[in-house]
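Chains: A, B and C, in written order; residue numbering restarts at 1 for each.
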Amino acid sequence: MATVQVSEAEKVYILHGIRDDLRVDGRGCEDYRHMEIETDVVSNTDGSAKVTLGHTAVLVGVKAEIGKPRPMIPNEGYLEFFVDCSANATPEFEGRGGEELGTNLSNVLYKVFSNKHSLDLHSLSISPGEHCWVLYVDVLLLQCDGNLYDAISIAIKAALFNTKIPRVNITSDDEGGKEIELSDDPYDCMRVNVENVPCIVTLCKVGHRHVVDATLQEKACSVASLIIAVTHNGTITCSRKVGGGSLDPESIFEMTETGKRVGKALHAPLMKLLQQEESLSKKRVRVGFLC
Amino acid sequence: MAAGFKTAEPLEYHRSFLKENCRPDGRELSEFRSTTLNIGSISTADGSALVKLGNTTIICGIKAELTNPTVDAPGKGYIVPNVDLPPLCSSRFRPGPPGEQAQAASQFIADIIESSEVIKKEDLCIGRGKLCWVLYCDIMCLDYDGNILDACVVALLAALKTTQLPEVTINKETSAPEVNFEKKHKLNIHRHPVSVSFCIFDDSILIVDPTAEEESLSTARLTVVMDEEDQLCSLHKPGGTPLSGEKLQECIKRATARKGEIHKLIEKVIKSMKTAQ
Amino acid sequence: MPTDTKRVRGPDVSQSPVLLGYKPAAVLASRGPREDGRQRDQVDVRPVFVRCGLVSQAKGSAYIEAGNTKLISCVYGPRETDRKDETDMKSGRLTTDVRFAPFSCPERVPWIQGSQDKDLSLMLHESLQPAVCLQRYPRSQIDVSVMVLENSGSALAHAVTCASLALADAGIEMYDLVLGCSLQQVGSSYVVDPSYLEENGWRCNSSESRGGLTVAFLPSLNQISGLQSDGEMSEETLTAGVRTCIEGCYKLYPVIQKVLTKAVRRAAPPST
């Protein structure tokens, strides 16, 4: 992962600041940086969103394709995640450098969504055992400035909210053969219910405290972080310790508590924002990538 | 002192033993390491066996799956053997795709299966042109101390002998396969090949069942595979120093004796498993 | 799908007969005793069989068997590092590799490593790293590999225990042993050290929310070095689950200690 070199003096400065709930950029321990969200940014996807968090920038595209359901769960569709760490984000990703990070991130995303309520997978079924919708969620890291997990999860939620899946009709002919017909009307489409889609909160243990949305400098001062995926009602769908250090049980409990609180509070404003943007429809000014 | 000698001059060290017609681990030249066999230890496999030949440990697991036969051979099933030498078994192997030695071993095992007809591929057919079994024979080395081929063949044979397949019938109306796990039957083993490997030291001295160290110091290797009717299934001598016909006869004679021991061992272990149940 | 030219290849597609046959007992009861007779809602871990130093070629090795879950772990090194470009040469590098034998699960596992193996390798790495004194091994690397011979649930938890034991057997300096324990939450009840069916049975049925949790724990330092959960859990159940897993680790601790002492005794018999 992208790293920065931090001198000993800087470390002490950051550490002491965090001890007094005042971070280098003026935030408190549980504050996020400035966040910008824009949906429907890539026209040839079925749903897309771009999120910038501080200097971290993530682009997510969702493509819906018809596939075959998994043999064990014939009446559900499924999601596929792929995280591409572009060399634009940091020179370390050049060549195969970003591959490992990409697999790690996508593995976490699979875990986050591996439960029955995050997304209604039944609604993605077309005909049980034969056809279903497969949502390919492609994540592109444009710029890395710490806290990738949170930015990605928010971008995924926004992109899924924005996703429009065409409606299909199944007609069967006389011989029992089935045919899939796509609706002619481009506005006749299905939306995905994203109410239960979780957001990831990364808590970085710095000194004796933990901070939300750590910058790269803060991350360099910490040995271990905890990532927690929280839904709007506070259910934790995934948690995981990342980084080379260990944590004592008490701080894990504290961090879980903070993560749940922060994560829960993230959803309502996010949904409001997404709905607001949607209601603007054609009037909205597109910002795109030139911001 | 001896340890220093061994590391500094491994070849001389071995020679000094061979001069006295014995080997550093106390064996005679034509003596195998003690062979132990454990069968059916992996319950997720349809058949399994663990073989220890001295320190060398090989595990073989058989998984049977259903598939369509090829157009060329509609009445035959598949047997897919693979030997893996994971980085776990020795420091000489690295992670990644199988190396040369693993590939050669897989091919060797595949050739034995093909040439000796351990199992008739026709037996694996369920519905001609429609459905057949594929037996994945995955052989894995857990501890590499030389002579993996012999251990692999024993493990494969023992695993195949313990494999039980559920009964599969093709429903005439829907032409879909139906599996009956209640009724299981054993595989029909036609031939029982046993492999015996030798190493040639200094172009002339023949030793059986080499350890990893002996393998790396030797000038040539030779593997003889023989079945229960004393028929030669395979003779494998990948390069190295030449060998006289006389010596080869000696090897074949040793293999004949060894084959009996292995068959007895497999029978004994299977019998003890049955009485244990 | 990349074709594998370095192995003997079988047919392109084949199907496990398990998928065709009816599934007996796939419906898992969320009440009553467990299938193997253990207690629900209690720290009832399977008895383990553990041995050190089975692999002659490795610097250190360990084998663990819990129920039908069987794992073997080997440690090689410290040896010269492969990656010379790493900037940080002051401390050693730990590499981990977790693999499932093709015959280890009810369905055959292909030879080519999937993302699951990589994920487990990473989890193992993160769980072990805090316990190993890597600064004692500059410019070198220590390779840990784990092979799952049979997966009957809780593979990651046992892999952590087994690998840390192999590291200790190899004489690698460590701050503490690392023990692993996992738990499966089904509705309001939980099972510790779940079996394969208890871990994966939910995919077919049950509308109850469920979650899985694996904890790696350093017992004498009281530190958690690895934590992973998935599924759905409330904060309370997660916290309670972590506590339960720690308790499970403590149950395992004396057994592992005994095995290690035995291995050390054998390696260096006390001079009388």
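By our rule, a contact is a pair of C-beta atoms (placed from the backbone, for glycine too) under 8 Å apart; a residue touches a chain by one contact, two chains touch by 3 or more.
These numbers come from a predicted model, not from an experiment.
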Could you name the chain whose CA centroid falls nearest to the centroid of all protein CA atoms? C
Looking at Cα centroids only, farthest away from chain B lies chain A
Roughly how far is chain A from chain C, centre to centre by C-alpha average, rounded to an integer in Å? 28
How many angstrom between the C-alpha centroids of chain B and chain A? 50
Among the residues of chain A, pick out those that touch two or more other chains and give their numbers. none
Show the residues in chain B shared as contacts by 2 or more other chains, in ascending order. none
Under the stated contact criterion, what part of chain C meets chain B in this complex? 4, 6-11, 13-17, 20-21, 24, 54-58, 68, 70, 72-74, 76, 79, 97, 99, 101-106, 108, 111, 143, 145-147, 149-152
Chain A contact footprint on chain C (complex, rising order): 19, 115, 118-119, 122, 126, 129-131, 203-204, 207, 209-211, 218, 221-235, 238-239, 242-243, 246
For chain A, which residues count as touching chain C in their complex? 71-73, 103-104, 106-107, 110-112, 114-117, 224, 226, 234-249, 252-253, 256-257, 260
The answer for chain B against chain C in the complex is residues 41-45, 48, 55, 57, 59, 61-68, 70, 78, 80-82, 84, 86-91, 95, 97-98, 102-103, 106-107, 110, 134, 136, 138, 140, 142-145, 166, 168, 177-181, 212
